[in-house]
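Shared between the two complexes below is chain A, which pairs with chain B and chain C, respectively.
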Partner chain A sequence: MLNTDVSAGGNRLFDSVKNSNFSTIANRFGVFLMIGALLIVGAFASPQFFSTSNFLNILSAVSILGMVAAGVAFVIYCGKYGDMSVPMVMAISGVISVEFMRYGLVPAICGAVVTGAIIGCINGVVIGKLKVNAIIWTLAMNFILEGLVRWSYQGNQIYPDMATEDTYQTGFLLPIMYKLDKNIMNIDLTSRAADFNGLAQTYFFGRIPLMLVVMICVMIVCFFIMSKTSFGNQLKVVGSNYDVGNTSGIRATSVVMGAFMISSICASLAGVFITSINKVGAFYVGQGYDFQAVTAIILGGMSLAGGRGNIIGVFGGVFLMGLISNILTLFGVGTFTQKMISGGIFIVVVAVNARSLRKLGRDDA
Partner chain B sequence: MKKKLWLIIALCVVMAATMSLAACGGGATEEPAAEEPAAEEPAAEEPAAEETTAEEPAAGGDNLQASKDLMLDLESVKGSDGQSLLIYGESRAVPARPDDPDSLSDEDPLKYWDIEYAGRETQKEPAIESPGDGCIGKKVIAIGQSEHPYWTAVFNGATTASTALQMELTTWNPNGDLNQQNQLIDKAIAEKPDLIMLSPLDAKASAQQFKKIYDAGIPAIAYNMVPSDEAMKYVLVLTAPDDFGQFKMLGDYVANDVGGTAGVCYMTHLPGGSPYFARYSNVRAFYAENYPDMKYLDHQSPGFEAPKAKQVVADWITKYGDDLNVIVLADDSAQAEGCAQAIAEAGRDDIKVIAAGNSKVGMDLVNSGGLFAITYQSAEADGAIAIRAAAEYFNGESLDPCYYLPQAVITKTNVADYEPAQW
Partner chain C sequence: MADQEREAGRVMLEMRGVSKQFPGTLAVDRVDFKVKTGEVHALMGENGAGKSTLMKMLAGLFNDYTGEIFVDGEPVKLTSPTLAKQAGVAMIYQELSIAYNRTVQENVFAGQMPVKGKIVDKHALRDMTIDVLKQVKLDGKIDPATPMKNISQHESQLIEIAKALKDNPKILVMDEPTSSLSTEEVGTMFDLIREVKAKGYALVYISHHLQEVFDIADRVTVLRDGKLIDTCNVKDVSKEALVEMMVGQKMSDFYKRTDKAIGDVVLDVEGLTHYGFVHDVSFKLRKGEILGLTGLAGSGRSELGRVIGGIDRMNAGKCRIDGSEVKTKDMCNMVKHGVAYLTENRKTEGLALRLSARDNIFSAIIPKLSKGPVYLPKSGDGVLNELYEGLNIVPRDKNLTASNLSGGNQQKVLLAKWMATKPKVLILDEPTRGVDVGAKKLIHETIEKLASEGISVLLISSDLPEIVSLADRIIVMKQGHLIGELTREDGFDESKVLLASNGERSVFSVEY
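Moving on, here comes the complex of A and B:
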């Protein structure tokens, strides 16, 4: 009898350890298991599936999403659920970069990044200091920015290669530039616009898009910030429990502000590239990237409750989204069915992650 | 607590300063704008309004005669692209409606009869009688759809036309919101204008909208977007782009170029709307009937994001290889940019891409070879010909049930004729 009990207890212990190991693996590598499974499926989709060009296409298609997701991951990691101002940060950074593009690429990119940093700083101060709900505030910020862009440009869009007298009557800084710089009409916009529009069509070794390289660089930098710095550790503590973080000597407000600034800076970089692809700056550029980024981040195993996950997982989530779309198109699956299948995969991955987190004793999963 | 209060105050000051700066920078009056026909981008902002003050009616003279005189030289009214704004396009013959279009196959052109010819054979309610005293000085309210540069151009065109015909035009924009559009209709009725121009956001809701205007005794013109057949009972006239006709023309153009044999992929508009059928189902059915060797390969609806469009086209190239020869796009901006980049990366310059036009991005792509051909759809004329129809109504002239915009195919050889782009 005793033996039986011991045996049963031993089995339970073994099962528990086994389950725990599976949970740990599912939690850490769930998205990569899914990618592995899809790669096997993809082999049947097309003989060209494993070609370098196909993988470059997939990665190139999700490059902008990757930049955005890497930034938003910081917001989610610190327990603030998401940054709904991302679409308009992308749009406004895009139009600012087009405005500054006439002075060269570096001023264009710097202008966009500074714009993003300012918006992120405002978001961070309000959310961190005043403890306003992050979703509501960033959504409000998105509306304010949208109104500003539309108002400023009077419902028009801005083209990098267009500069008539009228062009300088609208916009954020163009009228000021026009007043201050007497030679602004003499700038050779055609070549500057070609440089700017060429950003999205610059390739290394003839086939690796600059956008992809930038996305990978952003991911690497974000990985180090989140995993290897004291700021990353503080984010984790604040994300796990804001009040504990605050009472343990961490300046939670600064940490939250940092997270939102990183999010907005990444979004502004993405804004420059998407504006370069579209060859037009407009208020609608960037719409939808907020939710797509959150989806990729959740797929990557990051918990909405904060303090869990990492950038490698986020990269996996982003790649998974591109991979799903690629395989389904190669199979000739229509858009509606694609959406249903993507939703189904999302539910499976989130369910597996949540279950494994619970088994590991993380009841906030 | 005090500290927080100061922070909130400081924040408000920063916001106010930012907005003032933007206002100075923009130097802007608030401007209406909105969306490409059939809703590419939704939006959210307070309705904006703009008024064009018309010149005074010919003092003491014969208003009708003066109004008719204005109609004598319609060709001289030009848009920002130098094209005539007030010229109607050619109408197409309407085939007999099949008993049950829905029962037909997807590749039967008559399957889409109810969308393609909506309102053309509607038994109308008795039209509100024209005052017949001339268009000069008449007050018209135009309600658009939402904020998109296309709609900015539509209202620009309507404003140019109303100035030329000495009518008083007010433009309102519901920002893509059907409830707001309904409120604007109520507001317009309360203002008792001489005529209301309405571009319905939703074909199904349009019957109720136009009936309300009709019941108020105000004549209405449907413009830009085709309303439901039921709605057409209450409408004086429909003025709109002939999306079906111009895509048949575009499809024919590229089919001729490739000798009637090609593998074709389609990137669609938002599923369900009339542009979806006009720019995809219609072309597919046209090929099935006239060019059976223009083989359908696939269709996808990735929306209007260049990166997504790029991925879809790259996937098509991977899947179909040399069998893919023609791509039909619903949009000549983001979809076309993504498509052009995917083709350039794959080195497949042999693929011919056609799209609905004609934005600046699209015309630039035609110039650079990224697009083979696009349709000419003048956004400014979209607003302007509705004003012309209104003027003819006030002048007591009889109206056809429908007037289309002029059509053309823009290619590398003639693109310069349509520049600069209107939006």
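Moving on, here comes the complex of A and C:
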């Protein structure tokens, strides 16, 4: 009896080793395998698939998603599952940037980023210090911000080049700006608005969009922060086990705060660009980016349990999302169908992530 | 219930030559154990003596024990909890199994609700619960519909007993039932136990408290290292003899004690209080000294370590390091001041099991390995290799995930993590819990070595041989207070320490 027990135990051990190898590989490099497979599929989709312009299209289509995902990755890395306030951080930052655009592009972007930082700081304090459930809190924050945007603009959208007397009666900071300086009415809005809207239409070498360059810069900075700084490594410890972080002399609450701040700052940068693309500031511009970002991040091999993965994988995940959408479009699949498909991908990806974690003996996801 | 079945003095439980093998150790080694009806049979032994393994076996938690078990003369196979329950074994664990958000009646009849059709019959449930509570004299005192979270610890314990009695078991096992009760409540508990005993139940009583065993038990069985030492009548045995049986004659030269210089005071704690756990504790720790801190479970020894380590809040008191006062509020700050606290909960607080051994060892020194904001793990490789060599951590692969290491090596990694911080004061909470003999020996040698290098060690341990052989001085806590001190000059051995932990004041060199 003893013998059979031992051999059974041995088999189990062997199985788990085998599985863990497979799961580890699937976890780490899965995204690049999938990209490879899709590239082959794409080749059959259209002869134009393997052209520089198509790849630039794919990448610029996911530039916004890339910026958001790079930030949200920090939240997932610290084991907090996701930042649901991303859509409204994007919206509110877009609106703020439209308001500040009157003073020029740099103040517009700075205003947006500061807004993001403030919201991230609030999220971080509540979640890090008061230990509120991150999903619930950020979701609530999202509703509050949505209410705030819609209330302050009384349901109107805000167009960069709109400059009637009425415009200055509503809005976040516009009425205050107007009170401080009546001359604000006389600013040449048309050219400023053209500058702002031009953000999304700026190209280097005539074909590389500014957005894409910014996204790649954000990715590089985030990669550096996550993998090469002491903050990033403390985040890794806190993310894989909060209590261990807390009892290793790491200021865990500050680290969590930092993660949420980075997430919101990245989202607000994305918000500026998406507002510039849409040529309108409105509460709905960021819709759907919360779940898309989580999908891309998990596709990129980051674990929902925290402390695993890196930004290179996240970039892969983002690219993969763009690739899927591009190929579906080439096959003539409509937008609504694509939505359903991306929802399906989200479910499958989360399920596979949870399963592979269980296989690795970490069923805390 | 037939009267004959409850007749006093019948052998109700007999375990004959039972053994249980764990990987690496024989936790219970051919033990014979008999419990009669109408007696309270105390089961005693040090940590790791095999008490809980023996009782788990009785509760049906193992399906691979060897030996024979008889209940009321009938041979039984207790290979699952259900079978054990059917055989008439009821267990009351130290950690109560309570759903705090449910009511008393729902807890008592969890899984056996009386039903009318598909709906729970609330009235029947209430009446049945009152009947059950009668057995522990709580009927009329507690409304069965009260949520469990509003019930005191003492009454919860009584309800737990009532719940066990309702199935009319033949054998009732209680694991440290008094550990969280006040003296008065212990009295009530004992009255109840005597009453239950008089009804003819066979009771097994596990406890560390010597006095309690003398108060309540009729017979006592002592286990040591998984072996049966003796079973005797409590009347015929003295406290000292019992302690002798539990401790035994240990190899005295297992650890080499080197003579070393003990220097100035490094850590000076004055009036430290953490409400509810530690009260007005003062002591001094000198350079190169190993100060043992012991006490029974719940005495506040770990909590004291946690407060000094900066994890738990210090409500009152002062903590000085090298003469200057430090704020213990922030663990980060304490680590900077050279205080390291090695937790007793290796798997939940000590190591991030999903990270590599390297990441774990570096986790407390990330700021030290950084230049500005940039983290340079390579700069720690020298230290890492040294620690790996010194502690003989196997396998040598530093990128191996911590969960894939054996318990002993995990504990070494945890120790390495805190050694890497280059502490002045090293607080070790149960540094060898759950590790194999080889790792234990190495950890002990390392502690000795660290002390001889001038690190002050506060060794919190319930392992008597460990604390006796390593410590230069032993301080003892009881119910949150420091009650006394044993010095090496006056001599201490395991029996003395055990008596001291139990609050026997006569053995102290210095009494507080």
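Throughout what follows, the second predicted complex is superposed on the first by the 307 of 365 C-alpha atoms of A that agree within 3 Å, B and C clash if a C-alpha of one lies under 4 Å from a C-alpha of the other, contacts with A are read in each partner's own complex, and residues count from 1 in each chain.
Convention: a residue touches a chain if its C-beta (ideal position, glycine included) is under 8 Å from a C-beta of that chain, and two chains touch if they have at least 3 such contacts.
All figures in this text were calculated on a predicted structure; none of them were measured in a lab.
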item	value
Superposed partners chain B and chain C on chain A - clash or fit	fit
Contacts of A:Gly36 with chain B and chain C, given as first, second, both or neither	neither
Partner chain in contact with A:Gly198 - chain B first, chain C second, else both or neither	neither
Touched chain A residues, chain B compared with chain C	B
Touching partner for A:Arg150 - first (chain B), second (chain C), both, neither	first
Partner chain in contact with A:Asn241 - chain B first, chain C second, else both or neither	second
Touching partner for A:Tyr284 - first (chain B), second (chain C), both, neither	first
Contacts of A:Ser53 with chain B and chain C, given as first, second, both or neither	first
Gap in Å between nearest CA atoms once chain C and chain B share a frame through chain A	11
Residue ranges of chain A in contact with chain C within the complex	1-2, 5, 228-234, 236-237, 240-241, 243-251, 305, 307-308, 361-362
Footprint of chain A on chain B - complex, ascending	4, 7-8, 11, 14-15, 18-19, 21-34, 40-41, 43-45, 147-149, 151-152, 268, 271, 298-303, 305-308, 310-312, 314-316, 318-319, 321, 333-334, 337-338, 341-342, 344-346, 360-361, 364, 423
Contact set on chain A toward chain B in their complex	45-46, 48-49, 51, 53-54, 57-58, 60-65, 122, 125-126, 129-130, 143-144, 146-148, 150-157, 159, 161-162, 169-176, 200-201, 203, 207, 209, 274, 277-280, 282-284, 287-288, 322, 325-326, 329-330, 332, 334-336
Residue ranges of chain C in contact with chain A within the complex	64, 309-311, 330-332, 334-336, 341, 343, 348-355, 359, 362-364, 366-367, 369-370, 373-375, 377, 403, 417, 421
